[in-house]
Amino acid sequence: MAEQNDYKPFLMKIDKIIDEAPEVRTFRLLFQNEEEAKAFRFKAGQFGEYSIFGEGESTFCIASSPTRSGYIECTFRKAGRVTTALSGLEEGDTIGFRGPYGNIFPIEEWSGKSLLFIAGGIALPPMRCVIWNALDWRERFKDITILYGARSVADLVYKHELEEWAARPDVKLVTTVDPGGETPEWKGEIGFVPTVLEKIAPAAANTIAIVCGPPVMIKYSFPVLLKLGFQPDDIYTTLENRMKCGIGKCGRCNVGKHYVCKDGPVFTYSQLQNMPAEY
Amino acid sequence: MENKTIQHTQLLALLRKIQENERRLIAPQRKGNQVHFQPAGAVEEIPFDYIQTALSAKSVLFPPVEELMRYHQDENGVQIDERNPDLLPETVAFGLRPCDAAAVTYITRQFTGDKPDLLFRRRLEKTTFVTVSCARADADCFCTSVGVSPGDTRGSDLLLTPLGGESYLAEVVTVKGEALVALAPELFAPAAAVKKEEHLAQVPRQFDLEVLRGKLDKAFDSPFWEETSLRCLGCGACTYVCPVCSCFDIQDEGSHKQGMRLRCWDSCGSSLFTLHASGHNPRHVQSERWRQRMMHKFSYMPEQLQVPGCVGCGRCLRACPADMNLIEQAQACIAAV
Amino acid sequence: MDVLKTRAQELLASGTVQTVIGYGQGSNGRSRALFAQTPQAAETLIWDDTCQQNLATYLFKPEIRQKGKAAIVAPLPVLRSVLQLASENQVHDGDLIVLGVNGGELTEMATLQEMEAHVAGRDLSLDARDHARLQELDAMSLKERWQFWQEEVARCFKCYACRAACPMCYCSRCTVECNQPQWVPVPAHQLGNWEWHMMRAMHLAGRCVSCGACGRACPLDIPIHLLTIKMEESIFQEFGIRAGARAKAENALSSFRAEDKEQFII
């Protein structure tokens, strides 16, 4: 059929499964069709609809970087019907993928600036894409700071990559766990992300802040960033909302007059200020 | 395009001709106290003496349940079988009102634009709309408040206006309308000068759409929503009878080995509509969901699609078990905000 | 009905209740639910033949519950709904004041005992029109009846107005809203519709007060109330009990006695 059926997914093979944290997994996916693999392009910030046939589809960002070709990755937590079924799959199994959908982090506009990444818990995956993209283009940016926190040490995702980032001299990594979430060996910070943010007080001048986390973390991080001098246009976040079609047709994911799937998921803080608090 | 006239008996002959031509004819049919769109049986049974059908004709383009694809999985892998949209039937949808036809153009904007929907587009290409203007309206009709008129030609391929007696003005609006006339041109006669407006229902305007939009743009946080929606029961009756509402769900049915992926109607009035798997729900009370309905129709759609999300057909007023009455809601919003 | 308005106004003015749930003038010949929170608002209460909606369904709406103690205008079906809800521990003594209306008479009931006593004297048999329709269906052969319901159920588009209008459907998470597993399919195809309507009839068996609100709510005039009403008539024949008559009652289909016909629990 010559015309595009936007609901037909690409068939993907699960190449690798990584257990990140309790109930959180990463899938590395390969396109089964070589032509599709070659033609596939995406940019940091975009997401897809991942399906398990017989159960349905679920929305996850593409958690790998477009600078690394040949595969895509997604990270998800077991929460509902589809993610529970996905959690039961094995390497070699087939799933569906539709995408890339949504808008992008305008990473090319950030050349010459410093980048501050702030993430909480399961919200590191949407950021991982843009973090890896930035690190693969390291020479374009000044300072890169990553602040990442989770409820407990066990809940930190991408533990192996956190070690890599910590070891790099050109990245400042600050990790934190919620009070009570530390283990005796824990050497990082202890405190909620917004509190630690205020403590480390990164410079706002010529810096782009990218924030992603549970609603309560975001709510308390924005005021800290503004206090530190960040401009609303220089603060980026990525929203999530219940989705089905992912392409702006089913009417489900809107926040006010914007569809998260089409006008987002990446929004600046100044855009958010003009949107109703319906997310 | 040309204007013609046609007599009632000739109209029935045309409809019969359409059936003989092996096109699917969807037409109104009485069922108890209501009139519904159905595949037509004997054309003599098509009613003409009612004001509005209970359900819109949107299922001709956007069915309540539609198969998107089938899949099966075995040791060789997964196979996806797409539907062949060329197998969709050629259809003539007869008896829509001008509000319903205008609604077709609105949902066309929703389903086309970037990433045009394949199945919707094919159905639209294969459907000819024969619309009948309104000689009568009731107090639930409010097309003129939302920029539609009882003789509106938008969305129609052939628009028939009853002229009293047994004849209709037949406006051939599009190329598809011409093709329909060409099936039996002898059934039509040339039109003498006719003042169409004299044969249309009078529908007094109930509110100003632009004023409403302006109020809604400021109304998100207003306490108005809770009081005004107290009696709303959160069912989906208004959504499903509406010719413009087109929100949908995607559901898989079958086993992991084989089954189908379906698209089906959904309603923003449902408590599940925006529920996240985590349990978080951005619209967790009915007043927030009622607000979404009003905002989407009268603020967001005008912004996104340059048309309102309502054609004033009045079906939601007639269908609502709680008598929410969209006209009153619009007026109340204008007054309160 | 002046005596109703006056009493409602007194209850509000004295602070005995914070809301009066009643009927008000609707649009185009309809009535609608009214939630009077002030004596002025209570002036618009009506009681006439257009007042058919079962108001008891609003007792569960969070926005109404949070307004405080309510009085509810109650024709017999609404009163019976309140009693049935009481027997299911959803309404407790002192939760509500019931303003029973029957023709031009007002009977105020503040306790479940008073409500029971009031129902005890009333005729609980079916309304004549519903009775006639049930007889029509009973007169059909099994095949004809199946055909009738097949056609009716096929028309359903799963708006769930029936569920929303019914006071007995108060589950905060309805079975159809569960997707692990998806007990009842979401789409409105014939099978999915059947599963919904059969499940609804079974879940209401022994609990339905035959108010007909579901059938009236249906935007497509599908006479689904006849399914649940028929269940009620069958239960009355088999067990001699009616829903919504007692404040403490066992449900016919979930109570067991040694003398039951079946030898094991089905």
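Each chain carries a letter (A, B and C) given by its place in the written order, and its residues are counted from 1.
Just so we're on the same page, a contact is a pair of C-beta atoms (placed from the backbone, for glycine too) under 8 Å apart; a residue touches a chain by one contact, two chains touch by 3 or more.
Just so you know, these numbers come straight off a predicted model, no measurement behind them.
Closest to the protein's overall CA centre, chain by chain, comes B. Put simply, the chain farthest from chain A by mean CA position is C.
Computed centre separation for the pair chain A/chain C is 48 angstrom, with centres defined by C-alpha atoms. One simple way to say how far apart two chains are is to compare their mean CA positions; for chain B and chain C this gives 32 Å. Between chain A and chain B, the centres computed from C-alpha atoms are 39 Å apart.
Listed for chain C are residues 182, each touching two or more other chains. Multi-chain contact residues of chain B (touching two or more other chains) are listed as 249, 251.
Of all residues in chain A, those that touch two or more other chains are 80-81.
Partner chain A is touched in their complex by these residues of chain B: 68-69, 71, 73, 77-78, 80, 82, 84-85, 110-111, 114-115, 117-118, 220-221, 246-252, 254-257, 259, 261, 263, 266, 268, 273-278, 280, 282-283, 288, 292, 295-296, 299-300, 303-304. Of all the residues in chain A, the ones that touch chain B in their complex are 1, 3-9, 11, 32, 51-58, 79-81, 83, 94, 96, 215, 240-242, 244-245, 247-257, 276, 278-279. The part of chain C that touches chain A in the complex is made up of residues 179-180, 182. Those residues of chain A that touch chain C in the complex are listed here as 80-81, 84. Per the touch definition, chain C reaches chain B in the complex via residues 26-28, 30-35, 53, 57-58, 61-64, 155, 157-161, 163-165, 177, 182, 185-189, 213, 216-217, 219-221.
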